[in-house]
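Structure below; questions to follow.
Read from first to last, the chains carry the letters A, B, C and D; within each, the first residue is number 1.
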Amino acid sequence: MISKVTGSVEEAVRGIADGAVVMIGGFGRAGQPVELIDALLAHGAADLTVINNNAGNGDTGLAALLAARRVRRIICSFPRQSDSHVFDALYRAGEIELELVPQGNLAERIRAAGAGIGAFFTPTGFGTALAEGKETREIDGRSYVLEHALHADVALVSAYRADRWGNLVYRKTARNFGPIMAAAATTTIVQVDEIVELGALDPESVVTPGLYVNRVVAVGERAWLRDGEFVGAASVEGDAS
Amino acid sequence: MISKVTGSVEEAVRGIADGAVVMIGGFGRAGQPVELIDALLAHGAADLTVINNNAGNGDTGLAALLAARRVRRIICSFPRQSDSHVFDALYRAGEIELELVPQGNLAERIRAAGAGIGAFFTPTGFGTALAEGKETREIDGRSYVLEHALHADVALVSAYRADRWGNLVYRKTARNFGPIMAAAATTTIVQVDEIVELGALDPESVVTPGLYVNRVVAVGERAWLRDGEFVGAASVEGDAS
Amino acid sequence: MTTRISRDELAARIARDIPEGAVMNLGIGAPTRVANFLPEGLEVILHTENGMLAMGPEPAADRIDPDLINAGKQPVTELPGAAYFHHADSFAMMRGGHLDICVLGAFQVSERGDLANWSTGAADSIPAVGGAMDLAIGARQVFVMTDLLTRSGESKLVRTCSYPLTGVGCVNRIYTDHAIFDVTPTGLAVLELFGDNTITELATLTGLVLDDATSTDATDKELA
Amino acid sequence: MTTRISRDELAARIARDIPEGAVMNLGIGAPTRVANFLPEGLEVILHTENGMLAMGPEPAADRIDPDLINAGKQPVTELPGAAYFHHADSFAMMRGGHLDICVLGAFQVSERGDLANWSTGAADSIPAVGGAMDLAIGARQVFVMTDLLTRSGESKLVRTCSYPLTGVGCVNRIYTDHAIFDVTPTGLAVLELFGDNTITELATLTGLVLDDATSTDATDKELA
């Protein structure tokens, strides 16, 4: 019997090596796999390259990983935010490397890695500083920049529900980078609210098929749901972190 | 009020010009938009380039369009089948042009057109006759072939249900090329079993968002369903054609 | 003499040019105000880059859902007809030219339609680009919403952008607090003057040669 | 003296090498028979290129669903845990290396693992490639299932393929009716002999230099 279910977040992040390239899902706080990031922090892996849309919010989750100096390099599209003070301080002190990628190129590079595409010509960024030094080409009268696939050793993803094969569904805009990161990493580790019976997820609505998932761990229902029903959140900030 | 619903298949295919590039969904008979193809046949547009995985089955649908000599050129991956006698005869007589594309490259080229990607490096076909004359490149030790986006003027797609905005869901493996063709064509025309109320489709499960769809027409419930429940098909061939 | 309209008046003016059925992305900041002025009942579909179509307005305080946010990370709601999708699909929509209109802020726009809106290029700034470059090159119509002048009185409409570019030749129309400008093959054309502005005065303020297209109705032109 | 096993015996032998949890694609024709010999209760997930995982066996005649077919256009069923997806996503799985095993037929396999299985190159034939090239280069393990000899007695294992290639250096293992061969950096190695075959005789039949790896257990090796 196939089971990708692990009993704890500690077990789920086991084996992540120093120097690993780690994709972390989420857009801001939505879909950020906070429990897995906390477990990675406790696990201790250092010298990491992190791929995320942002560079941490507040002092928890990815920001805490940065604060603990575990991240050597970050590849993202939008590090500077109102609450990105941890990253900002490290960056100004020259203590973290930044590769800035336009968000759509970031998403497409991740998607390319999962899809076995080596590189692609994208119009985004052509003629800008973020395309400097990159190969360009005109195709049917439009100008494109060549961007390469972006692979990772590990992906940490937050989804809503999973079955024991690792089939996943997400919730609203918390889906964001999860499905493409799950496909782009050698080892994909997923936290979900709950594990449901095999067959309980509608095959027409599975977003990430289980073949992309290596480990799943249930972390309990998110604070703004009760038995699957939305009950409101007292505060986005507090509950989402 | 937005409504992409048209009253008849005749109205749905109006304006398709001679010489148009027409994508037609379906894998074999599954997902083939037979009513729209019949309407295109009646409409009379000629000198078409057709993009489909196959080159017609039996004597109906795409095969009938070919038999009527409306198709100058076909781009597909698998023309030769047990029941592709219409195409076979035209091809042997030199009366239809064929561009053969490996199926995954065909799908990815269609996807690239919808996604604004100009071209991409794929490993599929490298070192084979189907990559002859194409640019190749080694990336991280693997060999790739450059393939270009494949656009169309029109896509004819068969889906299961739609709302008036053109949001679509499909049914089982009849989904196949529908979602990527819907995104790759200038004008996307969709036949569905029924039009449902706006809001009736679960936003988590919409497969083709309405922005990819221009016209939708209801053609009635498929023969093997009754009120949405599967009741079995007497014969795959007869009912699916 | 009045030469400037307010931010909300400008948002309302832009809203008048949005046709029913438009699929639209409103950039972070001032452009989001355009949604407040769309007529009740007009079906316009808002896209947010983080994976949603048919985004609705901010929820009541007790209905905030942390899983339902916009590109600015603010809580939003879901309208009937909505759809969720992942980031690669969301940016495929943008890059593939499937959005009808996007409205973006700007530091500078050149007379050729080059846009600079992501970085001032200051040495000590932390760069952040987000989805700006994808929006700039992807939407069928790229509208810029901006003040004509910076706080220190310099024109944001320029011959050549001095700030780092977001996209090359991508802007179609610029809605400023002084006037509406179209980007044409021969430079900028004034479509509509607000208050007591004149083309001559705007040419002086911007230092640019400006064509007079005020006899064209901007809204009708857009809808055509 | 027996030198050949039957098609079903070969399918059963391949099935023994499929570990629990494998995600597998079985090519059109003989390879589909492998599914018939997987042990009851072993969870192996079958992929079909036309957009499905966890494909089940053929349905009863009155339960045929024309919307539920495999790559060979034959009716199939849906198992618990199934998922549907579109063609670009399906081939992304294949090309991206997410299938553990595929089993394909062959016209020829070279000692370097080149595969020819889509065209004989005959002048009057109608070419059709389908998903063969994607499967050949995409799966982590590419198994070929074939007779060793053609009907006219020529070896399908060759120094260099004379038929048009499907993929270059892509085959890992060849299951034939005479023996099992692994493709190694130095050529083909015999892993297991069926019936009374000997490596010397197989070397004569194929005209190739064959290494002896029969002391390795093929099944254990595969599962490792």
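Convention: a contact is a pair of C-beta atoms (placed from the backbone, for glycine too) under 8 Å apart; a residue touches a chain by one contact, two chains touch by 3 or more.
Source: prediction; values computed, not measured.
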Just to confirm, which listed pair, A-C, A-D or B-C, duplicates the contacts seen in B-D for more than half of them? A-C
I want to compare two interfaces, A-D and A-C. Which one has more contacting C-beta pairs? A-C
Could you put a whole-Å number on the gap between the CA centroids of subunit A and subunit D? 35
Could you grab the centroid distance between subunit C and subunit D? Build each centroid from C-alpha atoms only and quote it in angstrom. 55
I'd like the Å distance between the centres of subunit A and subunit C, where a centre is the mean of that chain's Cα atoms. 29
Chain centres from averaged Cα atoms put subunit A and subunit B apart, in whole Å, by 33
Could you pull out the residues of subunit A that touch at least 2 other chains? 108, 111, 115-117, 122-123, 170-172, 203-204, 207
Multi-partner residues of subunit C (at least 2 other chains): 52, 78, 84-85, 88, 91-92, 94-95, 138
Residue ranges of subunit D in contact with subunit A within the complex: 20-21, 23, 43, 45, 47, 52-54, 78, 80-85, 88, 91-99, 138
Listed in rising order, the residues of subunit B that touch subunit C in the complex are 1-2, 111, 113-117, 163, 165, 167, 183, 198-199, 203-204, 206, 209-212
Taking the touch rule as given, give the residues of subunit B at its contact with subunit D in the complex, in rising order. 27-31, 53, 77-81, 87-88, 91-92, 98, 100-105, 107-108, 110-111, 122-130, 143, 170-180, 207, 222, 224, 230, 232-233, 235-236, 239-240
Where on subunit C does subunit A make contact in their complex? 48-52, 62-69, 73, 75, 78, 84-88, 90-92, 94-95, 119, 124-134, 137-138, 164-168
Listed in rising order, subunit B residues that touch subunit A in their complex are 108, 112, 115-123, 137, 139-140, 142, 144, 148-149, 169-172, 202-205, 207
